[in-house]
Every structure is written in C-alpha cells, then in structure tokens.
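What follows is one structure encoded as structure tokens, with my remarks underneath.
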Amino acid sequence: MLPSLRAIRVVQSPGRLRHGPSLFEVDCEWKGPSLNVIMGESGSGKSTLLKTLGGVWEPLSGQVLFEGESLWSESGHRQNKSLLSRIGFCFQNNALFNSMTCFENLCFPRSQRRPLESETARRKIATHWLDKVGLSGSESLFPFELSGGMQKRLAIARTLILEPDYIFFDDPTAGLDPITSRQIALLLLELLENRPALTFVVTNDEDRARSWAPSVFELRGGHLNEKRHLP
Amino acid sequence: MIRFENVHKSFGPKKVLNGLSLSIQRGEIFFMLGRSGTGKSVSLKHLVGLLTPDSGKIWIDDTEISQFSENQFVPIRKKCGLVFQLPALVDSRSLYENLVLGIRHLDAVQKLARISATLKAVGLESLEKDLFERFPPSLSYGEQKRLALARTLLPDPEILLYDEPTTGLDPTTSLQIHDLIKKISKDFGKTSIVVSHDMRNALKIADRLAVLDAGRVVDLGTPEEIRRSPVAMTMAFMEDLQ
Amino acid sequence: MNAFQRALDTVKILLTSVNALARGRVPSRDIWKQLYEFGNSSIGIVVLCVTFMGIILISEYSFHMKLVIGNDSMIPGFAMILLIRELAPIVGALLITSKMGASIAAELAAMKNTEQIDAYRLLGLNIVELYVAPRTLASSVAAWSLATISLAIAILGAWFSAVVFLNFSTGPFFQSLFIFVTAGDLILMSIKAVVFGCCIPSICAHYGLQASFGAEGVGHATTDAVVGTSITVIVMDFVITYLYAVLAS
Amino acid sequence: MIHRLEALREHLRFFWMLFIRLPELFTERREFMRQFADVGVRSLSTTVTAGIFTGAIMALQFHLQLKDFGAESVLGGLNTSGTIREVGPILIAFMLAGKVGAFTSAELGTMKVTDQIQAVRCLGLDPISFFVVPRFWAVALNSILLLVFGLVISVLGGMIAVWMVADINPDQYLLMVERFATSESIFLAVSKSVIFGLLMGHICCANGYWTEGGTQGVGLAVKKTAVQSMVAIVLADFFISWIVEIIVRSGDFL
C-alpha cells in the first residue's frame, strides 16, 4: 500500500496550551513516497504542524488521515496502535533516552515495536544502524557524553531503525554549526534515498532546504501555501 | 591593542585552547569563526577574567592580564563589554534597572540621556517611554538580545565582545543584528570581537577573520583572503556560499 | 491549575501506577533497582535524624513529666510512643520526599524539556507505567523499612541517653517500653509509612510532568514537588491520626 | 570524608562572607525589601497550614496518651509546651525548607544557568552583594518570623483538634497554657527559630549560587537544599536542646 497522508481542515492552537488563537488551518494531501520540506518564520507554528501531522498531538479540529485511516479514535485519546508503529518522528531536541546507552537507545524502540524479533537479530540491526550514521564505536556512551552532531545522528538512526512508512524530522539541523549541519543534511538525503516512505522535514535554513528538495511548502499567515521554488 | 600569545586552557581532560595566538587592532571588527566546542567563547571569557588561562600571555593595550586577580579585572571590565549568547537579563528587575546596572555611578539626568541615545542606537526607541513598568520577560527574544547589547554599551566600553550573538535567531533577525554590530562599531569607533559560526554575515561586515580549529588559529585574513583561502576548514565553511 | 485539579491528576497517576503494578506490567528488575535507589540513598539521613530526635524526646518528656506528675518512670514508654506513631513515619517520609521525590520531579521536568516523554508516547508507552510505577512500590517499601530501622536505632539511642544522662537503669527503661508500646502503635506507623511512601512518587511526578520549559521550569517543578508533597504528608498524617483517635476511643 | 570537610569549609567561608557583607545590604535595600515582602507573602499560607496541622497532630497524640490517666485537664498546657519546644519548630522548619529555601535556590540556580550572574559581574557589580545578600537576609528573617508565627498558630491547631476529638472547650484548653508555657520553653522555641532561619537562609543561597550543569543542575540544587536543610535542622535542634538543658540544669547533667 502506497503511503498517503490527507489533512482535512486541520486546526491547532499553540503548543500545549490547547486554547488561544488557532495557529493554522491546513488542508492538503500527499500521495506516494516523497520528501516534503516545510519552511516558515520562527513562531509560524511549523513545528506544531509537524507534531499534529505526525501524531504527537491531536488536532484541535479537523482530521489527519493515513491512507484514509485516522490515528485518533473518536472516543478518547486511544491511538491506533498498528498505524502508530508505521510512524517515525525525529524531535528537534533529539528526545534521546538519557538513562540508556547509544546501543540501548536503538534496541529499546525495536523491542517495543517488534517484540517477536530475536535478541541477536535486534542487536545486529542496531549495530548496522550505528555504522550507517557513523557512530560505530560509541555503543556504550550515554547521550550526554555525545557532541550535538553525534546526538542528532543517534536520533536519526533511532527514527529510521523502525523502517517507518511515514517519517517526520523537526528542524534536524537546528543549533548545529554549518559544517555539522551540512553533514547531517547529506546523511538524511543518503538514508532517505529510494526509501518508500512519505517524509516531512521542517526547517528555516534555506541552504539545507535547497539540498533536500527543489521546492518547498511555506507556512505563512496560518495557511500551508503550495510549492515555492528555491533559487 | 589585544594580543593572545600561546594561550592554553583545558577543563579536566578536555583541551579547549591549544596554543591560541592572535592580535587584534584598535577600531577593527574582528570575527572568530569555528565549529562548536573549538574554544571560541572560552577565549572571549579570558579577556574579562571569567576564566584564567593555564599558560600563555594575554595583553590588552599594554597590560598583561593573564594572572590578574578579581579586583584587578574591575577596570578591565569597564573597558571591555561582553554581550552573552543568552540575553542574561535580570527578569525580576525593570528594563530601566537592567540598563543602569553598569552605570550606577552616574546621576539620574546623565543616565536618562545616555539611555535614550543607546536605545536609539540599538533600535529600541519605542521602549523608552515604559522602561520603568516593563520587565524583560515581556520582550521578544530578539528585543531581549538588543536590550542586552544596550546594557553592555551604556558604560561606553572601548572594546565590545560578542559571544555568538545570532545563534538561535532566524535568518532575518540575525542579519539585522549583524548590521547593528557594524553600525555601532563604526559610529562609536569601538573595537569589536565577534565569535560566530555564521560565515555569510561575517564576510559582509568583518575587517578581518580568524578561523579556529581544535583551540588554535588555522586561518587568518581579510574577507577577500578568506574567500580564496586554501585552508581545509575555511573551505568547509565556505561551501554554503557558492 | 488549582489544587483540586492537581489532586485529581495525582490520583490518576497513582491509580495508573497501582494498576500497572497489579497487572504485573512492571519488570521486577526495575522495581529492585528503584528499591535499592530509594533505600540506599536515604537510609543514612533518616536513621540519623530519627535517632537524634528520639534522644531529644527522652529529655523533653522527662522535663514535662516532672512538671505534670513528678516522677519520670514512664518516660521511655511515652516518648517512644510519640516516636513510633508520629515522628518515625513523618520524618522518614519528608526526607524521602526531598531526596527522591525532588529527583523524580527534576528528572521528569528535564525529560519533558528534551521531548523524551513524547518519544515514549510515540512508542505506545505510558511514561507513568514506565517511570512512576516501579518507584511507587519501591518508595512505599522503603518508607516502611526506613521507618522501622530508624525506630530500632532511635530506641537504642534513647536507651543510651536515658542511661547516661537521666540516670535510668536498663531494666525499667525496656520495661516501660513494653508496657506502653502496643502492636497497634506499630501497625499505625506501618500504615502511615506505606501510605506516605506510595503517594510521594505520584505527587512529585505530577509536578514534573506539568513543568514549563527551560531551567526556570525545572527549578519550579522541583520546588513545588517538595512543598506539595510535604504539605500532603502532614495533612494525611493528621487524617490518619484523627481516624485512629476516633476508632481507639 | 575529606570531601565532606572540604564542603564544610566552603560553607563556613560562604556563611562568613554573607555576614561581613551585611552593610552592603543598605545599597540594595530596595531589592531586600522587595525580596522580604515576596518571600513572606509566598510562604504565609504554608506556615499557617504547617502550624495548624503540627499542633493538631501533637494534640491528638497527647490526648491519646493522657486519656488513660484522666490528666485531660493539663492537655492544653502540655501540648503547647511539648509542641513549641521540639516537634513544632522541626516540622514547620521542614515545610519552610521547601517553600522558602528550595524556591530561592531554584531562583538563584536559574540565574546562574542563564548567565545572569556572569553578566552582572562583567558590568562591574559583585553578584554576591547584588543577588545573594538581599535574598539571604530576606529568607533568614522571614523564616525566623514565620517559625515563631507558625508555633503560635500550632496552639490554635491543637485547640481545634482537641475540641473536635475530646470536646475540651477552648478556654479550658487555654487555662493551663500559661502555667506550662514557661519562659524557658519560649526561649528554647525562639532560639531554635532564629538558628533554623539562619541555617536555611545560608543553605539555600549557597546551593543556588554553586549551581552547575544547565537545567539538571537547577533540579540538583533544589534537591540538595531540601535535604541539607532538613538534616541541618535536626542536628541544630539536637545541639540547641542539649546546650539549653545543660545551662538550665547545670548541676544535673554533668
């Protein structure tokens, strides 16, 4: 089944407050695997939009449909578990589990999502992904012992290790110096190449956006405007 | 004017400054660029005595300050104003009280005169009428940064030190901040040392740039020299600008 | 967020934790780890504080008994009853609150800052079951054992100070102890210790999870957690003592 | 063990510095007044709650113990003197350690982490006399006043609890208070309040000012303040009671 995401008049208020003026009203559809970049001034709510689309927060009104299916059941906040397992979210602050080593940070999510998988297979995949993002050798380090760039690499590995069909990156190059941020951007491109997933990346760095996609979506004035071609 | 001579500094096992040698002329806008963790901010903090070097010499004008005590740094801090990466405003005090922290010795009339001139210089004249009622948390992050700059400017220091003034700011605001640095340095004849990793804006306003790597200067020169420089680290920084 | 909403949210956290524990969804490895963490970190200060208070109680009571009845033969019994029923559980709980409770609030606030809590949610995990449940069981077991251990050592301390300072002899000391201290007192202490122990993690977790962002948020969350838990412990102690008084009389 | 001695020496030096900078309080008197009012208002409700419930708990305990001896009549006096001498100061101080102490170290810790302390230093001001000295005296003086006020409230708490459980009406309860609340008990209670106040003021300012390590550091500073305050309070209580015992019963003890 080709991944597709449809946002029907999705309205969201700023951050956790759940009240106050609505930040945006978005009505869009994405069909098939693609890399979509969303840009916008800081404070335009692009991060909140990504979290609403990515199932972190329930939309105030309107619906987010993954292949026609909604993540949030009408009754309460119970989330559709099987759909949730096909989503990978990479947070701006990395959200690394600081009580676990790098290796455990990768094994833990897989043990939750693929409980039947054998321990050895899981360890092999974790080691494979550590090499893929260039962190081989730092298996036993804790997140606070890593540099900014290395933490971001681990966060990306942890997001992709679940082989998700829907991938969300919240400003992956924020707070990094230009050289590290370019390395991370190239790493993303390399990892997402010919991967059948519908991917969204939020950023306000035009240099990086240019390397990801020829044109971008722009969140301004509470609406997600269609493609803007980058010079 | 300001000279580092083979300065070494390490925090426990981590060596941050590894023989830094550098000299900066009066009235110059001097940029120090480098990846995070290469000791840029640490070198600034040595100039105002927040850190003391393990070895090596540091001169400001013709006084050697590497072994100075806390009191000896008081006059130095009047001469060098440091603008921190975070606004570092005192949230529990009004904007006025924040601004006059550095000029408490002046009388009220002088204070107000200087404040209005400095607020105009940093583009915050609109705040002038409610300095007494408003508090830092009510300002936007960009405004807080400008107010912190005004606060550092008020004691009229000869040298201005900027610690990553535009990190965390969106592209448009950081452009405005860079223009502000240039205007203040040229209008008031201040020597400005700016630590940053924003090469594009640095090349626009800097008189000279130094590129640091692993606590040492690996490249030094005017913007033109830096654009054509064969040094690997500089080229890595330039890649974005093609 | 007013007091009632806070109480509601705390009860929700407590029920989720107890439910997870009852369903056996909490790996015993976590529980043992937390039990060690809770006991090991607070044993020293709890024993120290309760013992010193026990010693002082003996001299306080002798001062009062001389005023009221003239002879101080019954002092050890009286003093120890107050220690057993009130001070051992309360002081133990308040120390656990500041030592472990504050860490729970600070850690959860920091985890919220780096969005780890959202990350756990996306893996279909409930942070309360994962983080708070093992600590709830560990805290109530630790509260009870610390109260008991510190009580025993406090009685030794009291015996020592009675013999050395108040020229008591050992025989009457323990004799008055056994006359006055009934099984009911020990049960009351145990109820208090367990009740306080299992509420501390939930109250602190509530404050941690409601923390606002930045260093300010972590600071306020930790402070409010310590204050909120301490007040709750004192009020709960009064309620339990009041019920005991009504039932006993 | 050396680590502990080292820490103790640091604390003593910090405490001594706060004292000799007392005259500098005059230059920051407006900040001191603002801090004093702020701390007082913020912790009044906690003090009242702690006072009432401490008194009530102690009253219940004494009631249960004296019930079999028919010595109910002395309950009022005994409870008052028993509470204000020993358990009252400790429990109320525990509450204030959180509400006043922990809050101040969180505040100072946040200032340290957001570079406010470094910034003020670079503007030629001494951060200790600018931030710490006014807070230390605001916390210390407030704690002393609030502790004494809390003890007075605890008499009220005892009165209500006894009235509810053993229906001894208030004036019967108060009758014996004068006889038992001897000047020695009051002196003991006040001296404990003063020493607890100074201890709490110092511990919270020291931990706040020494905060390191970003957001986690602030949480750790608050935890340290709470724990250290409680242990210091119990130890101080022990030594004060012991010393007063010696003075009052000079022959008796030794």
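Order of writing sets the chain letters: A, B, C and D. Residues in each chain are counted from 1.
Keep this in mind: contacts are C-beta pairs under 8 Å (C-beta built on N, C-alpha and C of every residue); 3 or more make two chains touch, one makes a residue touch a chain.
From a predicted model like this one, the values you see are computed outputs, not experimental measurements.
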item: Graph distance between subunit B and subunit C, where chains that touch are linked; value: 2
item: Pair joined by more contacting C-beta pairs (B-D or C-D); value: C-D
item: Label of the chain whose CA centroid is most distant from the centroid of subunit B; value: C
item: Whole-Å gap between the CA centroids of subunit A and subunit C; value: 43
item: Subunit C and subunit D, separation of their C-alpha mean positions in angstrom; value: 20
item: Geometric centre distance via CA averages, subunit D-subunit A, whole Å; value: 50
item: Shared-contact residues (touching 2 or more other chains) in subunit A; value: none
item: Touching two or more other chains - residue numbers and ranges from subunit C; value: 110, 113
item: Of all residues in subunit D, the ones touching two or more other chains; value: 114
item: Complete list of chain pairs which touch one another; value: A-B, A-C, B-D, C-D
item: For the subunit A and subunit C complex, residues of the former touching the latter; value: 51, 55-56, 79, 81, 84-85, 87, 89, 91-98, 108-109, 112-113
item: List of subunit A residues in touch with subunit B within their complex; value: 41-42, 147-148, 175-180, 182, 204-207
item: List of subunit C residues in touch with subunit D within their complex; value: 45, 48-49, 52-53, 55-57, 59-60, 63-64, 67-69, 78, 81-82, 85-87, 90-91, 94-95, 97-99, 102-103, 105-107, 109-110, 113, 165, 214-216, 218-223, 226-227, 230-231, 234-235, 237-238, 241-242, 244-246, 248-249
item: Residues of subunit B that touch subunit D when the two form their complex; value: 48, 50, 74, 77-78, 81-82, 84-86, 88-93, 101-102, 104, 148, 151-152, 155
item: Footprint of subunit A on subunit B - complex, ascending; value: 34-37, 167-168, 170-172, 197-199, 236-237, 239-240
